[in-house]
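Every chain is named by a letter (A, B, C and D) in the order it is written, and numbering of its residues begins at 1.
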Amino acid sequence: MFKCSMESLNSVFAKISANAELYIPADNCDGKAVYTKWAEGVELSNQLNTVKSPKDFFFPQVEDMMAFKVEGKNIELIDIRKAQEDFVVFGVRACDVKAFEVLDNVFLVDPVDSYYAERREHGIIISVACGRPSETCFCQTFGIDAANPGGDITVWYADGNAYWQSNTEKGEKLLASLGLESCDSAAVDAEKAKIANIMKKLPLAELKADAFGGGKTMELFNRPEWKALSESCLGCGTCTFVCPTCQCYDVKEFNTGKGVVRFRCWDSCMYSDFTKCAHGNPRLSQVERFRQRFMHKLVYYPENNNGLFGCVGCGRCLAKCPISMNIVKVMKTLGGNA
Amino acid sequence: MQKITRDVLVEKAVSLLENGTVANVLGWRKGEFDYDITPAVFTDKADIEANFVWNDFCGANFSKYLVQKTRKLEGKILVFLKPCDTYSFNQLLTEHRFDREKVYAVGVSCEGMVDIDKIKAIAGDGISKIVCGEMIEVSTVYSDEVIKIDAKDVLEGRCESCKSKKHVAYDELLGEEGDVIDSNRFDEVAKLEAMTPDERFAFWQEQLSKCIRCNACRDICPACTCENCVFNNPNSGVENKAAANSFEEKMFHIIRAFHVAGRCTDCGECSRVCPQNIPLHLLNRKFIKDMDSFYGEYQAGAEVGSRAPLVNYTTEDVEPCDVFEGGNE
Amino acid sequence: MNARNEALIPHIAVITDVRLDTPDIKTFRVVTPDGKKAFDHRPGQCAMLSIPGVGEAMFSITSSPTNTEYMEFSIKKCGCVTEWLHQAEVGQQITIRGPYGNPFPVDTEFAGKNLLFIAGGVALAPLRSVINYVRHYKDRYGKIDIVYGARSKEDLLQYKEIMEEWVNDEGVTVHLTIDREQPEWDGHVGFVPNYVKELGFDTDKTVILCGPPIMIKFTLAGLTELGFEKKQVYTTLELKMKCAIGKCGRCNVGSKYVCKDGPVFRLDELDELPNEY
Amino acid sequence: MQVKEYKPLIVAFCCNWCSYAGADLAGNNRLNYPAEVKIIRVPCSCRVNPMFVLRAFQRGADGVILCGCHPGDCHYTSGNYYTRRRMAMLFSMLDYLGIERERTRVEWVSAAEGAKFAATMNDFAEKVAALGENKRLEDLRCKK
């Protein structure tokens, strides 16, 4: 384990960014934390977490995949992929680190999504333990430990210092290059105990996911409560776009006048055209679309991934839903521990 | 801080439900915390008594829900309307978007709603309890101390420049009727107009680049009630799920503002729900300010059946090329 | 860079033949620009065809895997991509990627069985690859019955191939039906579900059923009456797809993705999934 | 390498009844106006949706001009009055977003005003040329 003082974090950032692009949460013009490319003068945010999840780094909202040139009856396929440079993301919370595992299970299974894989390979995740979780946090429901966030390197803030520990080979290499002072884990152990204590006090500490998981499809799918839960859903995409694990995308094309670019962009199961095709739409009303999102996170995903839930309890949808309808309300209503 | 209490609303809802005047109540449902309130349809007394909320976090405007709910629900619907909601209500009636006969509107006086983000900026994260009142009492898991915040200091942005405390539509009114207020709502627009074009460009570039195209602004907007939005129509050529670049961000917001120009009542829901805190109301207010100064004062929704400036003209109108920086030379 | 193999990047292909099968269905023959078959496939698998600037869509490969020279797609005009394809001429290039989905279990569960194919309208397209495959390896299967119906004689897909090849095969019995009487038609008239009941098949068969939902529903009721069990019946589904590799997240029925876990499902498997297709 | 002189691309929406005929007259009279002015004929100036203007910029236009009948002379009685209000609002909004106001214009050109059409286009092209390329409402994908 290594440490540096909080005041010297900026010089550590400078060291990291000498070899790779570094992104840290920094406050934007509204005082909200967003991942920002580090440069001299960019200050680390004090907020608990970023408004948008770090999934952008590996699965950007819009991504050009290929281009076509169409001439008469002929089509030319142009490969526009660029080589990915190494980059480092600092300040990822435990929930969001777990979310990468959720995404990996989708994108890195055969056939591998090479766009995602390439970025994943070149990205180094430096996680930070949560000293001050919010009332909207419920990562512990899914067995995530906010005090041990994982990633390539874990950082704890305690008594004016940042403590660094590597978890992977990639992380170890980077950490070794930073030349930090080595230390014992006493301060971190105390911090971990403090976090464990605060986690117990959170309003959602008692939330359980026992009623959900693989094999519960038919039991939950036809529950009458879905109607009331989805009643005032606007069908906007806020929850899906701020979600660190939502991975649905659309493949679309843009005719630039000089050729066609095929790109993919995030899509939302909340949108009416998500499943609409020439022969009709299997999810005609918002009840079905709403149900799909939560069934996917709580039942379908665990069913296909050995019980791993598709929700990591980051609480973004709790904070951002325009009508304050969210996965916690769904779990409490259907899970019977309201 | 609300002068009218929850109990008055609950009593009203229950009595109208029980005497058969209405079959459904559109109201605010209690959330997980003290601030995350969800719009909901209540149909039974016990549910209302247990879960109906009226406090400083009841910002949601129900007018738009009436478009769908009047089609789907059996029987009359009781809707609670704050003064600003009544403008949206009237505007939707002007556009014949719902059947007035199916609605029983109860006006509720409003002292302004508060913004949880502003409270959190003062009290911090980890809120365990909020008690509303003149002084909002906030407890967090991090301290035993109760933090007291003056409700006036944490008003929602739109309530700080409230345009009217007067209900322009209702069947029945709870609380006192207020007046149209001489608000300062165009100050921010004027501030932007006073900037240089480069500064304005930089401002909007920064703001709009935050857009994630979640469509929450459109989907909450009581003026956006098209059955199929142009931005959802694959044949429109502009149907895009994500704003691929800064052009598309600008186009979406300019066109959306334009489509509601003259119909936007300035209810401020767009800015309230934006997950990225983009001040979208500044686009709508610019149009309102321009229309007021070019074509005479007009408040959408102030009366049913009024003709919006963009569907009207005079032969003496200002020429487009004489318009700049708000038309004030 | 080229070493990065990306499932979403298609190959260029060219249309070498267009055949008007019915008033709204055309069959396209597709090969690579150098005249080869784009890839091998198994009966019942699908491919993504696209025209840059118009869109990409999933189609079942209607030619048999035993055809090693080219692939065929029977496509009904009903949306953007299909409409564009219908105006395409020979020599038009398109893009293709695949094969996707699980095939019918032709070499396992079907082996040695008597097979009963039931199709309505354009649904013959996905079944044709299976039918021609089992016709090719006839000695591996028992008796083959094919019940096929369409609105009218003109709407019968692959009518020429059926009349010239299928009916002449030993061990293959073809039962055609059309919805309404028509002057030059002396075959059966009536809907597929009733016809299946009338024909009264023995329950020793494995059924491959494909058609519009309403047809499937009533045919299934008929089959149950005849004593068939759901685990004897196979069908193939179709939902909106974008990636075809189980990642874009829209073609799921419950936890199963049609593109990856389907499109072929046994009906008793479908019973365990929500009715959202 | 030869440096190409910058010539702005201009999209001119012309109403069928007046301005398009005005452009025709300019041509017949051999009046010069820049070849980079691309005319799109519309049935009436009020056919021009604000989206058309934005999409012209997206597709690479450096300036967009609308030409219609003089107020009072609309073939459809009142179309151009609506245009006047709509474009006043749109242009004001574009200005509010910091987009150079010289890039957009509305001009009333009758069928008899061939000279005015040519002069307008020359003047507009000159003003837009002075601003340079459209950067604030550009779509980089269309520029590659």
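Following the convention adopted for this analysis, a residue touches a chain if its C-beta (ideal position, glycine included) is under 8 Å from a C-beta of that chain, and two chains touch if they have at least 3 such contacts.
Just so it is clear, the structure is predicted and the values come from calculations on it, not from any experiment.
Chemist: Return the chain label for which the distance between chain Cα mean and whole-protein Cα mean is smallest.
Modeler: The chain sitting closest to the overall C-alpha centre is A.
Chemist: Just give me the whole-number Å value for how far the CA centre of chain A lies from that of chain B.
Modeler: Each chain reduced to its C-alpha mean, chain A and chain B end up 30 Å apart.
Chemist: Please tell me the distance, in whole Å, between the geometric centres of chain C and chain D computed from their C-alpha atoms.
Modeler: 53
Chemist: On a C-alpha centroid basis, what's the spacing between chain B and chain D, in Å?
Modeler: 37
Chemist: For chain B, give me the residues that contact two or more of the other chains.
Modeler: Those would be 234, 244-245.
Chemist: Could you say which residues in chain C touch two or more other chains, in rising order?
Modeler: 80
Chemist: Which positions in chain A touch two or more other chains at once?
Modeler: Where chain A meets two or more other chains at a single residue, that happens at 250, 254, 267.
Chemist: Going by the touch rule set out above, what shape does the chain contact graph take here: line, ring, star, complete or other?
Modeler: other
Chemist: For chain B, which residues are in contact with chain A within the complex?
Modeler: The touching residues are 31-33, 36-41, 60, 65, 121, 124-128, 140-142, 206-207, 210, 212-216, 218-220, 232, 234, 240-245, 272-273, 275-277.
Chemist: Can you check the complex and tell me which residues of chain C touch chain A?
Modeler: For this pair, the touching residues of chain C are 1-2, 4-12, 52-56, 78-80, 82, 89, 91-95, 238-240, 242-243, 245-252, 254-255, 272-274, 276-277.
Chemist: Sort out for me which residues of chain B touch chain D in the complex.
Modeler: Touching chain D from chain B are residues 189, 192-193, 197-205, 230, 237-238, 244-245, 247-248, 250-251, 254-255, 257-258, 261, 283, 286-287, 290-291, 294-295, 309-315, 317-321, 323-327.
Chemist: Enumerate the contact residues on chain D facing chain A in the complex.
Modeler: For chain D paired with chain A, touching residues are 59-60, 139, 141-142, 144.
Chemist: Looking at the complex, which residues from chain A come into contact with chain B?
Modeler: 28-32, 34, 48, 51-52, 61-62, 132-136, 198, 201-204, 228, 231-232, 234-238, 240-242, 250, 252, 254, 263, 265-268, 271-273, 318, 320-326, 328-329, 332
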